[in-house]
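Consider the two complexes below, in which chain A is the common component and chain B and chain C are the respective partners.
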Partner chain A sequence: MQNTSNAKEAVLTLNKVCKNFGGVVAAKDISFDLYSGEVFGLIGPNGAGKTTLINLITGIYKVDGGTILLNGHDITKTPAHTRARRGITRTFQHPHLLNRCDIETNIYLGVDLAKKNKLLKSLDHKKLLDELLEVAGLKLNMRDGIDKLAYGQQKLLEVVRAILTRPSVLLLDEPAAGLNQKEMEHIVALVDIAIKMNSAVLLIEHRMDLVMSICDRITVLNFGNQIANGKPAEIQDNPVVIEAYLGRKRGA
Partner chain B sequence: MRKLKIKNLIILFLIALAFALIINFPHISSIYMIRVLNMTMITYLAVLSLYVVFGMAGQSSFAQCGLMGIGAYITANMCTRWGFSPIFGMIMSMLGTALFAFIIGFALFRLKRFYFSFSTIALMTILNGIFANWTKGTGGPVGMGNLVQFSVGGFVFDTEAKYFYLIIGFSIAASIIIWKLFRSPLGRSFMAVRDNEIAASCMGINNLLTKNIAFAISGILCGLAGSLFAFLSGYISATSFALPQSQLYLVVIMIGGSSSPIGALIGSILINLLPEWLRFLKDYMMLIYGVGIMGLMVVLPEGLVGGGKDLYAKYIKRKRSRVDAEQGL
Partner chain C sequence: MILQLIVTGISLGVVYGLIGMGMVLIFRAVGIVNFAQGDFLMLGAFICFAFNQKMGMPIWLSFAITAVLIGLSGIVFQFITYWPLRDAQDKTIIVSTLGASIALREMTKLIWGSTPQTIDPLRGGIVKIAGALLQWQYVIIIVFAALLMSMVYFLLEKTLLGNIMQATAQDKYAASLMGIPIIVAIGLTFFISMLITGAGGVMLAPIFFITNTMGVMAGVKAFAAVVIGGFGSVQGAIIGGLLIGLIEVFAGTYVSTTYKDTVVFAVLIISLLVRPQGIFGEKISEKA
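Here is the complex of A and B:
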């Protein structure tokens, strides 16, 4: 796995990224590469610094140390909106939709972002939107307000909006949290579309069945430290990870 | 499908009715009433500017009347002093005001929410101070009088009725443009900044620049309103462009509803015409007027348009549930 990964050029590279909030270490020397077309899992207990890491990658927080490279270019000091325009798109743990706007306005923010990129400008965004909405199982009246949507639908809509931007890096922050089984399947289908689009997907998730089934590689965080890297099977058997996060099986 | 057609027909009919009213209004009304309506439409343009910066981009500005003043003084100086054509003066008013708003925005929008609002109060005070004291540029406390009339080619707008058509024309054009803005990428970026700045920046929107553009567009509208005001009244002074007027514009958009340009229109009409209708109350007029506005804000916090929408949604919901119940039986 490692060899094939090295053969391709990484889309996103984190190199010893650090972040402290006062005395709290949220990220300490975090390093990993993201390759296009793969799903990279980021797991760990609550407060391990997973969301902080996404905030660092998208530029909402400034890093205290280390560098972040996108397609080989240093974006460590690039503002958040420029990073988004270069292809880093994210979703939030709690959906960040425009509450006072209708669904159409919310969705078309994604199309607007895609159209800011010269390479993506001429692509058929309407077709992609229809496809995504179908895969997400969303039948929407475009002029309805966001408050008409259930929580799960809002989360799905946010993922749809993110993929609509045709991102090179897609960061999903607990997309399946609070979703029922059917909605989770929709999320998996949406992630599949993103992979076919050759996006690099970084997935934060607590639902282990989901993580183990769709991730190609996984890294485990605990108190801001990277405690393990590897394929899902390796992570499942890693004693350090079991101790810190997964928990021992009864009787084991 | 048939229902949709009937709705379209009703809208078409209303538009035709409005046009008929507008065209005939100066013939059936007193000059005083035309004057009131002209001022109403100028207020509407200023409030429409507030719809862009406050309603869409979510930044409550107390400086709109100051921007309007800049537009008015640019027109007065260019057309009356330096003898440029009125249309050129008007265009320069719009561009100059927009440029001023855009540049000052870089400083003001470093501040967020209430702090931005407070800073616009300061800006308004500074502008008013300049209007009242810069004798060379603004005529100082005396103001500038005997301003030239608006004219196109050889056609001079020398009556209230002619100005009525002119101002209505500009108002309709401005409304259509702002209406189109709502479903454009730029309009969406305004609303994204209003609702969620973090989500906006993650969607590739430069928050600071977007707010600046919103402020500049509101500057264009304010410049237009100020320019029209200078042409219409023929005399401008610092008292016309003071903080209370700016506050009034915010009240107007709050009453009308900040969710659509229609709110700005309804608010402007109400705030300008209500004092006329309430004149019979004599000494108690302002009291009743104030209490009325306060009551309106308590009952309809989303303004008249927002409240109307809510009522309509409730009506539809009740109708639907009744239909469902009947089908269930």
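Here is the complex of A and C:
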């Protein structure tokens, strides 16, 4: 895996990214590369700075130091909406859907905005949407309001919406939180589609079974520091990681 | 007689509805009640007066240029009163719009003085409809306001631009992450809001005298219309505006001209007591 990764150019590169809030270090010298077609896991205890990192990548927060590259271009100072148009898409831990608009508007708004890009204009969105909805197990009446959907359906819909824009970087912030086993399987299937269309997926998730099963590589954060990098098997056995999650290990 | 009163009431009402719609658009976009809304109606009347009376331009041309200019001034207004304060508390921004309201009124007085002025009607003369003699101006107001309202409605509901504005109004954070430049969407909202308000001013100007305070009462009544219709609802602003216009005209005729505004505000108070969320309003829960 590592060899093939090095061979191609990274879609997204973080280079010594730093962010402080007052005296609190949210990110300290974070560096990693994201390659297309892989799932990159970002894990760590609550407050480790995972969501902050997403906000730095999407441009909601400005970095205090370091650089962020998208396809080799420096986007460190690019505003959030421009980054979104260049293909960085995210979903939220708690869905941010437009509650006053119907489902169809919600789904297509992202695509309609992205259609300025000529390449996207020519693609068949309806076909992809049907496929995504089927994989997500969503049977929707497009005219319904968002309030007709259950929480899990809203989260799935958000992932569908994100993938429909054919993002080059897909940031998933705890997509499985609050979902049941069946819905979680739908998430996995959706991520598969994203990978097949060569998106680079960054996954923040607390459910370790999910992280370990679908991630190609993982980095572990604790108090804004990158404490470990590696393949799932390496991370699982890393004593530093176990200590960060469970506290100092005794015996066994 | 009755038909005349109804037409007069509706024509006043649609103008209140237009201003109210302008208020609602801004309220939905930035969560702020703009207390300077009525002053843009006044500004519209004065600018049109300058083109029409001072420079001798035909009224329709003056009308069109004025509407666009007032729309653009809305963008400037947004950059001065809202954008620098966007992270401040709501009440700070509301006070900022109140300040702008006073500044606009005084500025107008400095430029055009305090003598009441007037402009040409969009169309003079009388038209006979169903046996009733009606002033053309009132009929034109109704047609034009209806046209403007439908255009705004179409823009909001049926176009990508409208979706962009709605998305920004509902969730700025998510909207920017979908690729929407927030500042553009908000600027556009202010443009449209002020354009329809300024147009309302030009249409009212031939009926009332143009003074630097003409926007105050119109603004308050438009606000009342929005409250009665249900705050935040575009349809509510229109229906509320019509109600206020009709009540005003009928109260002026059957009660007394002096107390017509009293009747209007009595209705506002009653509507607040009976249905505080307004006609189309959603039940508003306490914010967590």
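Keep this in mind: the second predicted complex is superposed on the first by the 243 of 252 C-alpha atoms of A that agree within 3 Å, B and C clash if a C-alpha of one lies under 4 Å from a C-alpha of the other, contacts with A are read in each partner's own complex, and residues count from 1 in each chain.
Quick note on the criterion: a contact is a pair of C-beta atoms (placed from the backbone, for glycine too) under 8 Å apart; a residue touches a chain by one contact, two chains touch by 3 or more.
It should be emphasised that the depicted structure is a prediction, and the values quoted were computed from it without experimental measurement.
When both complexes are overlaid on chain A, chain B and chain C end up clashing with each other. Once the two complexes are laid over each other on the shared chain, residue contacts for A:A194 go to neither chain B nor chain C. When the shared chain is aligned, no partner comes close enough to touch A:L203: not chain B, not chain C. In the overlay built on the shared chain, the residue A:L157 is in contact with neither chain B nor chain C.
With the contact threshold set out at the top, residues 58, 60, 79-82, 84-85, 89-90, 92, 96-101, 105, 109-110, 112-113 of chain A are in contact with chain B in one structure and with chain C in the other. Only residues 160, 163-164, 166-167, 170-171, 173-174, 176-182 of chain C touch chain A when the two sit together in their complex. Contacts from chain B toward chain A in the complex involve residues 183, 185, 188-189, 191-192, 194-196, 198-207, 259.
Listed in rising order, the residues of chain A touching chain C in the complex are 58, 60, 79-82, 84-85, 89-90, 92, 96-101, 105, 109-110, 112-114.
Of all the residues in chain A, the ones that touch chain B in their complex are 58-60, 79-82, 84-85, 89-90, 92, 96-101, 104-105, 108-110, 112-113, 115-116, 161, 165.
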